[in-house]
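Following are the structures in question.
Here come two complexes built around chain A, the first alongside chain B, the second alongside chain C.
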Partner chain A sequence: MQKLGDFKPPHFFNYPPYFTLQPLKDTQQKQVQLWKELILDYCRTQKIFVIGLEDDFPLFSNSAIERSLSHEARDIFLSGLVSDGRAEWMDKGHKKCLILWLRIQDWADCILRFVKDNGLEDSVMTVEEIRSGIESQGTELHGMDRTVLMRALRMLEQKGKLAMFKGSSADDEGVKFSA
Partner chain B sequence: MAAGKWLPSAQLTSSGRPVLLPGEVECSTLSSVDLECEENSNFPNFKSGVLILTTHRILWIDETNNKGAASIPLGAVTHIFSLKKSIKAMFGKPKVRFQVSAAADGRVDEKGSTSIVITLVLRGKSDPDVFYSRFWEVWRSRSWEVLNIAGDSDSRLERSGGSMEGSSVVRMPVVGISGILRKEQELWESTDKSLQDAFQDLNALMSKAKEMVMLAEKMRLKLLSGSTSQANAANDDDTGSKQEMQDWLLSVGIVSPVTKESAGALYHQQLSRQLADFVKLPLEKAGGMIALIDVYCLFNRARGTELISPEDLIQACALWEKFDVPVMLRKFESGVMVIQNKSHSDEEVFARIKSLALRPNALWTGINPSDAATTLGIAPALAKEHLLTAESQGLLCRDISPEGFRFFINVFKDIEPNNIYLVKEHGIYGTWVSATTAPG
Partner chain C sequence: MRRRPGIGGLQTAAATRDQYRLVGENVARIKTDLMKEQLATFRSQLEDFARKHKNDIRKNPTFRSQFHEMCAKVGVDPLASNKGFWAELLGIGDFYYELGVQIVDICLATRSLNGGLINLQELCNLLCQKRKAARESVTEDDCLRAISKLKVLGSGFEVISVGKKKLVRSVPTELNKDHNEILDMAQGQGYVTVEEVKRRLSWSSGRAIDALETLLEEGLAMIDDGHKDGKRRYWFPCVSFVTTS
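== the complex of A and B ==
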């Protein structure tokens, strides 16, 4: 609980069997569901986009009851999110997982809303500005993961809502929003 | 059963095995035997039963009806006819005929004034000559009469020692130490003679088996108490050999083991019934469930000799399905095999486990097999099987940690994935939350 900052987990976070992968199919199914929800919740509130399986991810252990998830359990729960389309493996070895507590589609909608709210139709902005500029402050876009942002932008580009281009500086890209 | 009218009835255990008289030993078991009486037209039909020849009686058991068994005391047999070797006999089923004392009304009675002829028709696959010679042997040795002689073992030993003249041995007056010494000497001499005779003739050994066991028991007691007489003090060398001796002596258990020899083709069936009887007491002591490996040890230890193999044991248990016995073999998912009472109820065990898991301290720290073993009154290994079974029913969840393997009551069932912060008021999850978030 201490490592989770101001995040208050549900009561079952202190239930020791929650941290042991259950062998019985029905029980395990329920356990997986609860972990998926909890992971998404935590990542959403803490704005976490990537989980490294071998890292000391705070949610995966509870020092108050001295329990932590085995590697196998972590893999199973995250794979569950991947199957639901709420996460993606970033490597074949399942070492890093991208958490989509908003789906790419949802992010895309966020961007469109942002464009509309700020009257940005037909104007240009850099990718970096989208996620750290003044305009995005107070929205979910602020501080978002760059990889996820790029994915959402690419999706919108395919739908013709915007166009991407290389910017003046070598490592920055720009976006022109459609009218 | 109508037998009671003409033949004394015989008591059976709940597994269909005969209740033996003190000192009675089984010698032969045959299947599919008819028992007939030519002179008595009112004699009921004893068709195709199991015939057991013992040192004291002939028993006829109807396998289809657990309550029916008849007996003919060997003391009532007055003559055994020789086996007919006629052509007629060759085509029919082998028959063993013998004469039995009966009362005036035709009822078999040792002290009867008249006699009737009983015929055994051997329809099974057994060898009639073997049975016939056993019958003669056992009738001649008159083991049942040993019971009637009151008094000390000395006279009994001398009697069956064989080479002593009759039973009238002249005794010197028992006076003082020398009298005691002489008495001991006589005892050891007759014991020695008895042992010598026994070991020379294996057949005789089998009939003396009971005496051997009694001797072993006497020797064991003597060794345990230590002796005060001079004669014996000279014979004990040191406590080392005493200990060795003690280790050799077997505990006295089942006097009449069912052996492949005495039951032949029926070996597994009779063994199966005997096992069902034997296992009752250990089962009770173990709280209604006992591991098969433990039964194997206990049963063989009680048999003493004629040990059974693990395969025999499993086959004997498997046969229980065919008989109406109150016990059964059960295999857990983990592979552990146990014997349990048929009346054992899993539901009842689960109810007890559930209430154990809902106790305040169990809600905090869970339960382990030791806790369950104490509550259920069974061995920890079996308690773990019950916990695993309860888990497979969705009653418990496991918790594996460096502290060990523990189980908690399953609270997951009460939690909604769509609303993970909701704690329903009534429900196991609610109970668990209240118990574990209260201070202290």
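== the complex of A and C ==
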């Protein structure tokens, strides 16, 4: 359980049967619900954006009770999150899953708040600065996944809240926030 | 009175008997009156006591339980009627009614986790957590009283004993003797295997599997195929604490 660090898992995480997909529909529904909440919670607190199904993701096994989630179970729980709009499969083979513990819309709101709080209207910033610059420290934007950030920025661009442009160096994109 | 022979004598004897009877009735009436008077005094003292200690009765579970015992000894049931003197004075009817509602809430909320069967101890714990704000703690005794009131409403609530534990059933599932025996066995480690059931109860494969599958279908059991020995385990949330962290 040291793998979870400071994170305190809910009681069911230490109850062996929860690591086996339950055959009874009602029980399975409850089981899936509990796991979905746990995954979102954990990812939020640990700022995890991507889960690889075959990876040694700390939630997928509990060494204290010697149990692990089967591949099928992992797929079902993550697919559940995808159906809820809280995750997206990054590939057809369901090998990698993007976890949206904040939805893209929520991230967009975050960015707008960030712009307002720092008086950044009508100014320019690189994408990298948004997620690692000094201003971002202490906010949720700090250290966020670049792919998710880009998606949120493009959403705002469509709404006319900002404009994206290519910077001078190859991987440096810029953002001009609207006034 | 002198005994006189003949009809006169008979009449006198009859009159004498009548007189004795009247005296006898009088004595009986006096005794009854006395008794009524004593009871009235006792009752008013009990009422005084209850009035004075109303707060203690509500807040202190030990005191409350002793109060109930005392009432029971003299044949008074403070819970008998919600409209009666006692209920109004103490609001005890309300107290148990409240408790009953909270118990129903908890049972409904945990039903999907334990199939409608919950450990009395766990129920009590959850209740205390719920009532922490009101600082009115409850004991298992209180729970049992509240549940017996619920039963009167025909709500399908029942307390069953399995081994040393008491379980509160909130669904109409009928548990037969075979199921009971498995639940009893499960109290040891929280789970059983088909093998264990067969061995310790001397049952056939069919009987063991039947019973376990029924319990599974009723939502009372959960399967666990994750042990490295490859044997399927049937876990029973109602004999463990699954809902409190």
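Going forward, the second predicted complex is superposed on the first by the 179 of 179 C-alpha atoms of A that agree within 3 Å, B and C clash if a C-alpha of one lies under 4 Å from a C-alpha of the other, contacts with A are read in each partner's own complex, and residues count from 1 in each chain.
We adopt the following convention: a residue touches a chain if its C-beta (ideal position, glycine included) is under 8 Å from a C-beta of that chain, and two chains touch if they have at least 3 such contacts.
As the structure is a prediction and not an experimental result, all values here were calculated from the model.
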For the overlay on chain A, clash or fit between chain B and chain C?
clash
Now for A:Thr126: first (chain B), second (chain C), both, or neither, which partner does it touch?
neither
Who does A:Pro17 touch here: chain B (first), chain C (second), both, or neither?
both
Chain B versus chain C as contact partner of A:Asp26, first or second or both or neither:
both
When the two structures are laid over each other on chain A, which of chain B and chain C touches more residues of chain A?
B
Have a look at where A:Asp41 lands relative to chain B and chain C in the superposition and call it first, second, both or neither.
first
Kindly point out the stretch of chain C, out of 94-102, 112-120, 130-138 or 148-156, that overlaps with chain B after superposition on chain A.
112-120
Do any residues of chain A touch both chain B and chain C, and if so, which are they?
10-12, 15-17, 19-20, 22-24, 26-27, 30, 66-67
Would you pull the chain A residues touching chain C in the complex into a rising list?
10-12, 15-20, 22-24, 26-27, 29-30, 66-68
Would you mind writing out the residues of chain A in touch with chain B in their complex?
10-12, 14-17, 19-20, 22-24, 26-27, 30-31, 33-34, 36-38, 41, 66-67
In the complex with chain A, residue positions of chain B that touch it
366, 391-392, 394, 397-401, 406, 408, 410-413, 415, 417-418, 420-421, 423, 429, 432-433, 436-437
In the complex, go through chain C and note every residue touching chain A.
112-113, 115, 191, 216-217, 219, 222-228, 233, 235, 237, 240-245
